[in-house]
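Shared between the two complexes below is chain A, which has chain B as its partner in the first and chain C in the second.
Right, the complex of A and B next:
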């Protein structure tokens, strides 16, 4: 990011020595790179035992009999526990939300009871002195299964002839939503061209660097449960552990130190983690469980896997008249707790057409049960699909009427002057910058030159493509996301800042660090609002005993919501400290400020008293302060967005790539992103978030796919066969910014964590089609775009 | 992902290794880059690992009587940096950088690659394309097996449970040797979706002794014999057509058999071009 990207004329943030907008190094960098992180995998407790699970080899099977005798005899084995036994300690859960009307699901147990509903579901838990012993014993557990028919194809899940996975629910429909805005049929009838196609998005997963892990420690004497947990949402998990183990929340402490990447994977309730906690309660000793890669592939939530039939209408001059979609997705046998598995489809309905000024939009989404691993929210929930569908349609329509893909966007993107406004789906936009972002992108990529180069290469038989994807992104959610649906998921977050006895600042925040740099952002905000150098701020996260109540990390909220709470807390502490200083100095608090760790005259900047001295007097010589004056050197503030249900951000991406038309291989050449996340607190961290997100989006577009056979067996659940995107195949990713702060908060920051993932797949798909279109290829609307898909489009392979 | 319990023994010599392998369920441990993964995933349960890494004399690259001999314990990285191999086995030199990543090539061995015989691996195909042979020590002493007879089925070779592969032997390249190599992998360092290792002899503008070995297309490296004949006859198009008869790749998670067949044809065109180029 270069200077022109920085916001001009800072507002409330315009403090001396501000860290807002500066790429400071994250404070935890040296610790992590020196191998001194504290991941759950590193936690070792006295008397700690290790859990391993016997998992169902079948997608759907009745558990007829379990024989654990041989396993129990293995020296070092502590317990072998079935689902029925564990159910005495841990109650089952049902993943529904009341605001997703009609959403239904069945009770899910920590370890399967009577029936396994997907390949990989835990059927028996084995606890032993070491993980290796637990795995040895697990091999000796005999489970007799009666295989049941597996429902695997979402397309036929609702057919009369298809067995119902949970007979009590009546059918395999989890959730359905319809929407009809404007006059779609009339608009389509009056269009000059209508494009209709079907998009297929492959099921994939978020491969975290550190797998899921938990160390649960039930202390019978203290009647307290401590869970060291690699999670995004410690307070949410505190509630859930308490609820299902029959405890009060104050009896449960969730500690989350370092987490090796989450991407949305670690914000859900996992049966094997619940089992680990229940086992600790049952055995009255610490129990550790770390998922291995093979387990991760069959139990970490999967995502996407949508089939979207879609239509767009346009007029000859390029005006978009209507969008219509019909989405179908299979989400496994259970709606995932507590966020549910209806959200992705719901988001798709919300987001399709979102960047465009088009009032006519009809949508249907159906979510069905099937016997595969569960699906739920993964980075950019629904956005990559909604964006690829919308932008795929827009470019297909532009091609059909023969106008440039940039031109069609200039004609239809919501005007930058039109805000505040709403979308056809009912989304409310405070202020977006589609046109400014597009202009900036075009300049960054030197679009006209690129088109000339493309034509010159084409003449030499080299087929390159340029594709775009404009997007909107849901960030900083208010209670409208989950709270109103009855989930105890906090949308508000708190920060507590305290002056230590030497004048440094300790900040406890409810948001969490997953490796994305929240600690750095919170430290920057506090250092700026309070007025100390960054190295005088220590940030503490991830401990329900010690941090303010909050939601944690999800939906790109940590900087925007946690950051604002920290900003306000820093300001409050500044006022408190200035009150002390004013009483010491016999000055007016208003005439003072805190800069560079000293109390100064606000006008001149002349130092009056150091913070260390203020702290010394307040803590050790309070007797010298005026009678009746009490120093308060700790302040807490909370924040939740109130004016807008979500802080929508926007942006646009472009992909430039080359297709080898002999092999169907795609080589990525360049990728550009212009993104508007409001105030950019740390440009480097934002750009890293965008780049990492783009890479995951590229994974979806070209590489990643959880392949199941018709019996519900995952065929490629390992790191050799499941292709995560790797550095050698990635293009340079250039990131630019337009800055439109949200007025809902003082810092004005919106989220940036998911924008890359939201836009990249659509941009890559459009670029491939742009490369192939002059060759008469069929349009590609399938992801991942493998060589086979390209060859098929070219008619070179069946 | 912890291996089932196993015993471990370090062999002092090839003879000692053969002796240790007398135990039921014993396996040789070389670089461990394939074996350890299968142990951790509990795909194999050996009773004893016979570690041959300390056996002296198995890590040599030597030229003898028009052949180059590469010891079983020569690491991929050592082979990659060998001037001898670059000169006398240019096909192997071209193939080596395609094997995994540097960390894997630092540990993985030539013998391990041949003995493991992954059907998508580069070196077995090179061995077959170069008409090389495998030197084996077993309970009955030493024997030599031609590459054409060595690869017998999916992960199945002429090696018996008590055999140690001690070296491979390749004819040294001469001025008229022509080689070609190409593979397609989705990501750098992956096993190939389809690959082709080829060798021939140049005779004026014509090619003789053409050997085309495809990998990633079946349960072993596969010679495309009709395509070889077509290339020797100077008819590339007939060669590409012949692949339909010579290859029958099964579907796998990366591609369907039909796609692999198509890609094999593309590779043949590319490699045929290389075969006509004289070495620099």
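Right, the complex of A and C next:
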């Protein structure tokens, strides 16, 4: 991993004027603070029409008849289109991956054909001059339904008596995975204590501030489709639009400017977005669709909703002997395309027990169909559940044998010297830092003082709790995640860097900006590896016509993978530009370097020629260069991790909170995180990723829940009834770092986007239990932990 | 639906337009006037993304009808930016990374500016309380509180 351009002993990151590790402000922020963003919701095109959808009011119903006459008569209505009609333009899809063995699903259409399988599934599309008109007309569409029995309870979805949602599939089982490592039964038998409990995680959803949005523009003359799309993965969507509309990929351009929040919500294929694109093709004009908030609640993917029966064994001196879990999750009527809805359960199996040196681990996960909205990957996929289960068990076990929760972790976390090593589930760890992270966390939170304060408060009748959650996080995924399963989801990413005619550099990258700061990070990397001040770098993202092929933003890959590609591209362009400069200066390229936008003597740093001058000569006076010499002022490099399937990161969180035992209300007092994402390119951006992630995790722990009734009706699909974290309830969040770079890349960065969400729910749950334990309360293993749940645990309500 | 003619001042410019009675202020600003800096997050008064100034007070653009603004003064983030009145706050948001996707930001800035206009240095709890009607899914709020607090301190220092 040594940069050959550098003296021995220095790494790539020691380049002069390095921006690596500096908290520079993001280049796109001034624009956004002035209301000058361009979100898809803002896009207006000539001749643009608006789509609205008639959606099924039933969780499961046969569509017997559709009458669109009255709707079609509304002035301003352009088209009213049924599923069968749209199916002539857009083929259905099936969300399966071959490496998740046995995973099955049924064909899903852009607009339901014959049958609606969840409340909110689009049944008819209406296109009109304005959205308001389209909604008016949608109300006039008459749909006659025959209600079918709704399968809503995951627990009984596999029972013989339960109807099978897709009879062709034979049963309601989407996917099942089992794992048996070491000797679980023997280990449990030999344990001094075994804790067994059931964890329940509520279904929740992303609630991106800007709802999903697409403006599709099929140009019949050019035979090209342009889709302005609020997505995390433009190239993936290019492939999917092409595939299902019968186009070649080069006929499709996906443009993604500003996106009002994603978090995994906007990395999937949504039926109404596919319908919007198909409608544009059908009508030969731009069509816009922006989900309203109610539509978001019933159609944005939901996540979590797992029931995990779990056991842990422990010896009386605090050694963990075994973990065992049985996970059940209901994912709606379809496995979501193209990433599938088997991944979250699969991740839980992979991740439970992951931080600990415990060889005995047995797991089963079952994923079942049901007539509710679809579930799929949302920020930190599986991690919050695996972490809450693991860490919940660890603290319950520690309490049972009477040792401190910090002590039990010191005894069992994989030693920092043990790497490289693997986990019982078969994960491979290059190098983690659990103990260093724990030490740092304990120091940051002043643990002993906090325990003393807790005891003092307790004496005054104030019940505070401290809870921990150690975690590992999957980042920088290789092709092992999706590619090997047959999905055309790129794990590699590319970057192209070119010198402009004034000596500035433009970087085109395949990763996307969702607000996490990719543009800043890519700019820092390129400025450093090429050798210019940051204000001489412009980054272009989110346009399949103008960026190298790449995967976009998911699984915390933008900095680690996109950043490394940009690093290599910057280096390559530096070599090219130095070749030009050397020929101008009649010097050896090796004796030169680029620093602060000038070509300098590598040894002395003395300026030889400015980049603007190099550019001027190369572009406008190439006749003055030696015969046969051709300047190459654009370089492209690609990168994909090869040595490790994933770059695991690690960290630990702690929550400090107070429980009002009369009302059941939880007040968050403090939250600490120590995480290790390898090389930190921009500390401020990493910290803010962590903080934002923590608050999403807190939402899951305390507030957020998509509540369904037994008929499959969502009861709280609006922001008044579905609670999200707001400023007043959230604590300040202190973030610390341990830095263990990955050796798989020169920059050594791993991902940081999901660590906050991974650990926060478990830490909060453990803190609540820590507060209530001396009161003889039952342990809480249910999320969200509402006041009602607290009072129940205290025996104060049913 | 019959349209009503309304006359109002938007960011200092007089505007005369015909609007349907059901058109909300935020839709009017975005769709009719092209002022897309005001955002729509929920259309039912909870997220605060649509907040704008009506006669100087911050209101929900999705709970206000355009026809109600006949004869009144509306200011949006575009106007507040161009006037330079909240430049210090915008700069603090930028340097503190108090926005990620930026969707909540225009409304968050106007709401924070309202608090800061009261003068003094509000406590972090008071800042949190004042901003608690503005949903931000990205930041976790901590950085926003930092930015607002920092501006309050600077402004207090400058006036004292």
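List of remarks:
Note that the second predicted complex is superposed on the first by the 788 of 798 C-alpha atoms of A that agree within 3 Å, B and C clash if a C-alpha of one lies under 4 Å from a C-alpha of the other, contacts with A are read in each partner's own complex, and residues count from 1 in each chain.
We take it that a contact is a pair of C-beta atoms (placed from the backbone, for glycine too) under 8 Å apart; a residue touches a chain by one contact, two chains touch by 3 or more.
Just so you know, these numbers come straight off a predicted model, no measurement behind them.
Of the two partner chains placed by superposition, only chain B is touched by A:797; chain C is not. In the superposition on chain A, no contact is made by A:319 with either chain B or chain C. Chain A has more of its residues touched by C than by the other of chain B and chain C.
Judged by the touch definition given at the top, the superposed model places A:715 against chain B, while chain C stays out of reach. In the overlay built on the shared chain, the residue A:243 is in contact with neither chain B nor chain C. In the superposed model, A:665 lies in contact with chain B only, and not with chain C.
In the superposition on chain A, A:132 makes contact with both chain B and chain C.
When the two structures are aligned on the shared chain, A:293 is found in touch with chain B and with chain C. Within the superposed three-chain model, A:458 lies out of touch with both chain B and chain C [touch as defined at top]. Of the two partner chains placed by the overlay, only chain C lies in contact with A:516; chain B stays clear of it.
130, 132, 292-293, 718, 720, 725-726, 728-729 are the residues of chain A that lie in the contact sets of both chain B and chain C, per the superposition on chain A. Touching chain C in their complex are the following residues of chain A: 25-26, 28-30, 32-39, 41-42, 44, 130, 132, 206-211, 258-263, 292-293, 514-517, 684-685, 688, 691-696, 718-720, 724-730, 732-733, 756. Those residues of chain B that touch chain A in the shared complex are 1-5, 41-42, 184, 186-191, 193, 253-256, 258-259, 262-263, 266. Contacts from chain C toward chain A in the complex involve residues 20, 22-23, 30-31, 34-47, 49, 76-78, 81, 90, 93-97, 99-106, 109, 124-125, 127-129, 131-145.
Those residues of chain A that touch chain B in the complex are listed here as 130-132, 135-136, 139, 292-294, 662-665, 703, 707, 715-716, 718, 720-721, 723, 725-726, 728-729, 786-788, 791, 796-798.
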